[in-house]
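In what comes next, chain A is part of two complexes: it sits with chain B in the first one and with chain C in the second one.
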Partner chain A sequence: MNAPVTTIRTEAEQGLVDAFTAAAPSLPGGVAVTAARAAAFEAFSRTGLPHRRTEAWRYTDLRRFMRDAKPLAPFPNLDLAATAATAGFIAADLDFRRLVVVDGIFMPSLSDLSGLEEGLTIRSFGAVLGEDAPLLPDVLRDALPEYDPAMALNAALARDGVWISLAPGVAIERPLHLVFVSTGESPTSVFSRSRVTLGAGARLSLLETHEAADGVAHQVNAALGLLVGDAAELTHVKVTAEGDAVLHVGSLIASVGARAKISTCGFALRGAVVRNQMFVRLAGADTQAEISGVSLLGGRQHVDQSLLLSHAAPGGTSRETFKAVVDGTAHAAFQGKIAVEQAAQQTDARMMARALLLSEEAEAYCKPELEIFADDVQCGHGATVGTLDDQLKFYLMARGIPAKEAETLLIQAFVGEVLDGIAHEGLREALTAATVNWLEARA
Partner chain B sequence: MTALLEIRDLKAEVAGRQILNGLDLTVNKGEIHAIMGPNGAGKSTLSYVLSGKPGYTITGGEVYLNGEDLFAMEADERAAKGLFLAFQYPLEIPGVATLTFLRSALNAQRRKRGEEELSSPDLLKRVRELAKQLGIDPDMLRRPLNVGFSGGEKKRNETLQMALLEPKLCVLDETDSGLDIDALKVVANGVNQLRAPERGMIVITHYQRLLDYIVPDVVHVLAAGRIVETGGKELALELEARGYAQYQSEAA
Partner chain C sequence: MAAVQETIDQVRRIDVEQYKYGFVTDVESEKAPKGLSEDIVRYISARKNEPEWMLEWRLEAFRRWQTMREPEWARVNYPPIDYQDLHYYSAPRKKPELASLDEVDPEILKTYEKLGIPLREQEILAGVVRPEGERRIAVDAVFDSVSVATTFQAELKAAGVIFMPISEALREHPELVRKYLGSVVPVSDNYFATLNSAVFSDGSFVYVPEGVRCPMELSTYFRINEKNTGQFERTLIIAGKGSYVSYLEGCTAPQRDENQLHAAVVELVAMDDAEIKYSTVQNWYPGNAEGVGGIYNFVTKRGDCRGARSKISWTQVETGSAITWKYPSCLLRGEGSSGEFYSIAISNGRQQVDSGTKMMHIGRNTTSRIVSKGISAGRSQNTYRGLVSAHRKAKGARNFTACDSLLIGDQCGAHTVPYMEAKNPTAVFEHEATTSKISEDVLFYCVQRGLSQEEAVGLVVNGFVKDVLQQLPMEFAVEAQKLISISLEGSVG
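Entry: the complex of A and B
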């Protein structure tokens, strides 16, 4: 192993080393988990934070965005429960089962655990780790295709999150809502790890939201593992809506079984710096995947939605659609790679990334990539960065629609291509309403 | 009496090229004017300049709609004041449902005029009626505006918009192009139903055929960016017989 060695640490990197050293003895997990944590941190300390020359992170230079590492969040203050009670605004009108995670700790007392459907298990991730079962180190590593510094930090430092498992053949009608809130008036580092396992043929709908107040520069590192069994169906939407000073690094690691269906959408609405990375592995044959993202950003926001999709078995179909609407001096990025392994014959994969720039200073970077080792496949990708179509805007205005409203209609239509694919009607309407609000709030 | 539309010595450029070269035209309420002329004469340019399309520079002259300075208004204000252009090539707008578009347009105009908005059920009822008259499949209303519509469907859709918005001045740019004779009759019938003492129309066409169905009061010939001849409806038949060669040489 010749991993590059960073001899000089940045202030943030040193802060993370100190935090790990101090926290390690109190992190949940027995011998095996503790060893896995140490190994993960060791790997991180060799590479340090990702920066411009880290290929998978080329548009999100964490070394620059993280001047320092905030202290690890203390155990949540129960007085702040009120904050958590109002969180998850996107689903305010929807009867989802709320599972609340405050400052990285799963809070059963704030969650709705009544009348759990048969076959559905909901636990604290930390409690599961504490049992130190032999497979847990693998759980912590998850099925990552390659080393990732944010995931390594998460494996080393995550204390808790939600552990959900669904027995084979069970279909849950009422969607689950993972409500993540970061609290407190001074900035903290918040690590959380959650895991959702669907047995063969099981069916579940999952919403994940992340919120925090404006003005507090929390550093959030949230990871979610999804294990989708054969012929199971999972729909997942993640909404990042944290305050205007928050740095959010989110990772989704999904492994999808044969004939299973997965649909996941990252909806980035707020937050100073957001990196939403998805690692999806279509492990079984004949899977169907819909992977999408919507980023609405303005001001000085930086939002990076990135995807590494591995087609690892034959007959998989996937559609990847990423849309960014960029206003102000904001920067949007999309880095997407579809890797088709040799075994994955008859793969049908199509990836499209489009960005719409609403201001002169807005910027968007798109980097779609295909890496194909099978010969009988249909793969395509495309990327566009453009501005609103003046001709279409004129057509609307010529019918009496004012300029601003015409733009709103066109932008809604642009984003609608993704949102229309959200299966849950109430959630689709809620995300559409959030988009309209965002558009109306544009100066 | 104020004319519905008064164009005086209009000059306009696109992409640095002068296309309209001192055009005069007056349309009164209740009148239907046909504008005929060779391809490239500036007919569409005139319609775009009137409706406020970006990219055109007015280099001279003035235009009044009901006595108000047209060029002082944005495109949407012109529409709210009653100007409607039926496009020669209606655009496709993916992601915007036809009905949403119709509702936004009608209610934006009503708001601007200080009128009450039409409720969704009332709007739907009205749009359904019009769709039926124009032989438009009601399913089309839920589809994205003009996306995947045939040429004929797009023109019917333009006519539906016109009927719904009840403009004061309708400008129809080659509404007949791309239509078979049956579709042409349906569209012409829709247009004729809009004939009213308060309403004026400018029917732009290259061929006389449309004017068998939408009978004009006045016929103009537009060539090289100006009105070069004006007559009664029989002028259309004459033009059909002798063609535009005479005007093209004039322009050259």
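Entry: the complex of A and C
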């Protein structure tokens, strides 16, 4: 009954194998990094791209979305790279420290590295890898499932990104803005890896944006590691606003120390296929986490926000809120799991996932999951899928508000629940404005 | 907290002594030789005097099964099952045709007496201990691979209801069986259903004709007795237009050190305006405190709301089995049809439960409700896994799901894995789940008012599962309540 398994690769998988074979010798890294890359790729080539039967990727079938693998992005063309100066539109009016990554390469020349606050170090991730620093420290590896295909590919192929470190006790007022841009005029594969390390008691606010032009089918794989030290505080917002042909697979891996606070929000605005996966491990006791997501989808977009949140130590509190507004023939997916390990007594975790379907052909998939091994916990999750409440709409219309406007108000309120939680006022306003624009474009 | 430590210790002490149905009946039986092959399938079919088409059906299932792989997605761990090391057929040796119940082996009768299952109509009718006016239940008693007795057949027949072992139905009503068998759970539905299709031995067949309200509760009592056997029963219930039937199912098995396989298939078909209420109290032997022995319970249950405004309601109390893998589902095809799933799953010792439901909204204005309560104690793992989906044409589909888990002790796990898939914007799905331990505040409140700690826990647990217990027919509710206290004895008293 057990027939021998032969590996049949899809065109995309074969393309990735070829790309890795060709690129491996030139990728930065010492002996350890090179070995880790080879091991990661080996693991990937055994399993291939995730598909419908890969449970964690159930709703985002990469075999279907990736017909082929685009060639690896070359070193950025400096003329094109200059266009990156206008990227990061969301924070255009905000005085954030811009750190620009073009086609997966950190560009100090386009970044604002002047007057760095004391205790803040910003380097190229490639340079750090060149010193054979680990691709993924053990504490971050603990946050990941045993194997994740996107992370394996990223480990194998990422060349560069931003490496940020903040010394213990330092609080930085001016937020950092990681600007990721894919520039090539023909489709490329872009792999980047970045890391932010916060020493004990440090404080930082971080915005991450991803952009690319319409009509070019880039395949973006971006990973960001967050190491949050004891009693540190980190707020993070990620905006995906890439072109209408881009496939974006983003991974966030975070390890949070004792009494630390983390807040992260994934805001999916544009892009053909977006898979935004978050792996957060509350490693220290008494942590607080706020994890949220907003997906605004129309046309034929596919957005999958997924979360694996591990409560690994006692006394953690977490709140997860995910909202999706789905129009056109778009598909929204949410897969979220709260795992409470046996040590994590007195955990208090709440997860809410809601999808709003605005059109006949919109679809929403939702899988909120609880996995609990500790008994003294309060955990809950809720999920709803539905369309706009006619009664609420009627209420507004009865008060003289036109139907379309009433809808817009209701949707804005729906998304507002998440956006209101964003601490930085300017950024909150910018995201609210982006939501309003999206709603107006829809109407 | 001292109380918690005490509870844990008591939970650990829970042993098989608490399993009251672990005795073995000593009857001479005839068994098929061990192993599974086409010959065994032919043997089973021949023993049952089945028509030729049935044999072909089984053989096709067997061939399919050989090409399939055992599913691995459920959160259950068990050593590989050696499918060749089982007897696929075992029946108490008996005279060729039984004229009356008196000819049934007295040992078997005694078994059912011990289990508290009334097989003698006259006793039931005599009503010695039963109060006036209490409802009567017709029982089909399945012992290993065969049905040994079915009560009240005549009375039911007068009402037009067919209630008989499926093996008998295959001979007496082949056209009905042929029409509906496998129409809800197709032969190749899943690994265990396919295996069942090849080797199923007995089970109940119910046909309620148009407009008939079944005059009494129907029930089947499954008992695995023989060593090294698997039980593969098949139940088929058809409710004609506007009819109503309530069906109960109970199961027990002796205490044995080896694991035994139970892979059943239940198919329900509800026509226009029909209602089927299907209740299960599953109390297979769960294995001992160290996880030795116990039944592997891999069951496929599915109801098809084929007609408009039909309704299928599943209620289950799961306390037994070493492993439970069971997802009673509803295909809501008829316009305005509705499905319900009420479940209490209690796991203790080293039991593993992976259970839940699927509500597939296909027709317009279909509704479903899911209420699932999981209680894990000891070193058990208890998973709720459910799917609610709305087909593109399922306008106005509505679902409400609530699944709550309660943890007693810190060695156990409770998991919730719901899937929601909406392909229609007018579908409204709501899901809520909570997991917690019994709140100290609530316990304190009770204790302060003079209840002992254990009474207080018992009270809270009973309140926790009340929503589901209320859905059980009276006869079962009492049994279920007893079961819950047995299962949690030591931890809740």
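Please note the rule applied: the second predicted complex is superposed on the first by the 424 of 443 C-alpha atoms of A that agree within 3 Å, B and C clash if a C-alpha of one lies under 4 Å from a C-alpha of the other, contacts with A are read in each partner's own complex, and residues count from 1 in each chain.
What we mean here is this: a contact is a pair of C-beta atoms (placed from the backbone, for glycine too) under 8 Å apart; a residue touches a chain by one contact, two chains touch by 3 or more.
Keep in mind it's a predicted model, so treat the numbers as computed, not measured.
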{"item": "Clash or fit (per the criteria above) of chain B with chain C on chain A", "value": "fit"}
{"item": "Which of chain B and chain C A:Ser359 touches, first, second, both or neither", "value": "second"}
{"item": "First, second, both or neither for A:Ala91, with chain B first and chain C second", "value": "neither"}
{"item": "When both partners are placed on the shared chain, which of chain B and chain C touches more of chain A", "value": "C"}
{"item": "Contacts of A:Glu417 with chain B and chain C, given as first, second, both or neither", "value": "first"}
{"item": "Touching partner for A:Ile262 - first (chain B), second (chain C), both, neither", "value": "neither"}
{"item": "Contacts of A:Glu369 with chain B and chain C, given as first, second, both or neither", "value": "second"}
{"item": "Touching partner for A:Ala36 - first (chain B), second (chain C), both, neither", "value": "neither"}
{"item": "Chain B versus chain C - smallest C-alpha distance in the overlay, whole Å", "value": "15"}
{"item": "Chain A residues contacted in one complex by chain B, in the other by chain C", "value": "none"}
{"item": "Residues of chain C defined as touching chain A within the complex", "value": "4, 66-67, 69, 73, 392, 405, 407-437"}
{"item": "Residues of chain A touching chain B in the complex", "value": "390-392, 394-403, 405-406, 409-410, 412-414, 416-417"}
{"item": "Of all residues in chain A, those that touch chain C in their complex", "value": "1, 55, 342, 345, 355, 357-387"}
{"item": "Chain A-facing residues of chain B, complex", "value": "51-55, 74-76, 78-80, 85, 87, 90-91, 93-96, 100-101, 104-106, 108-109, 112, 144, 161, 165"}
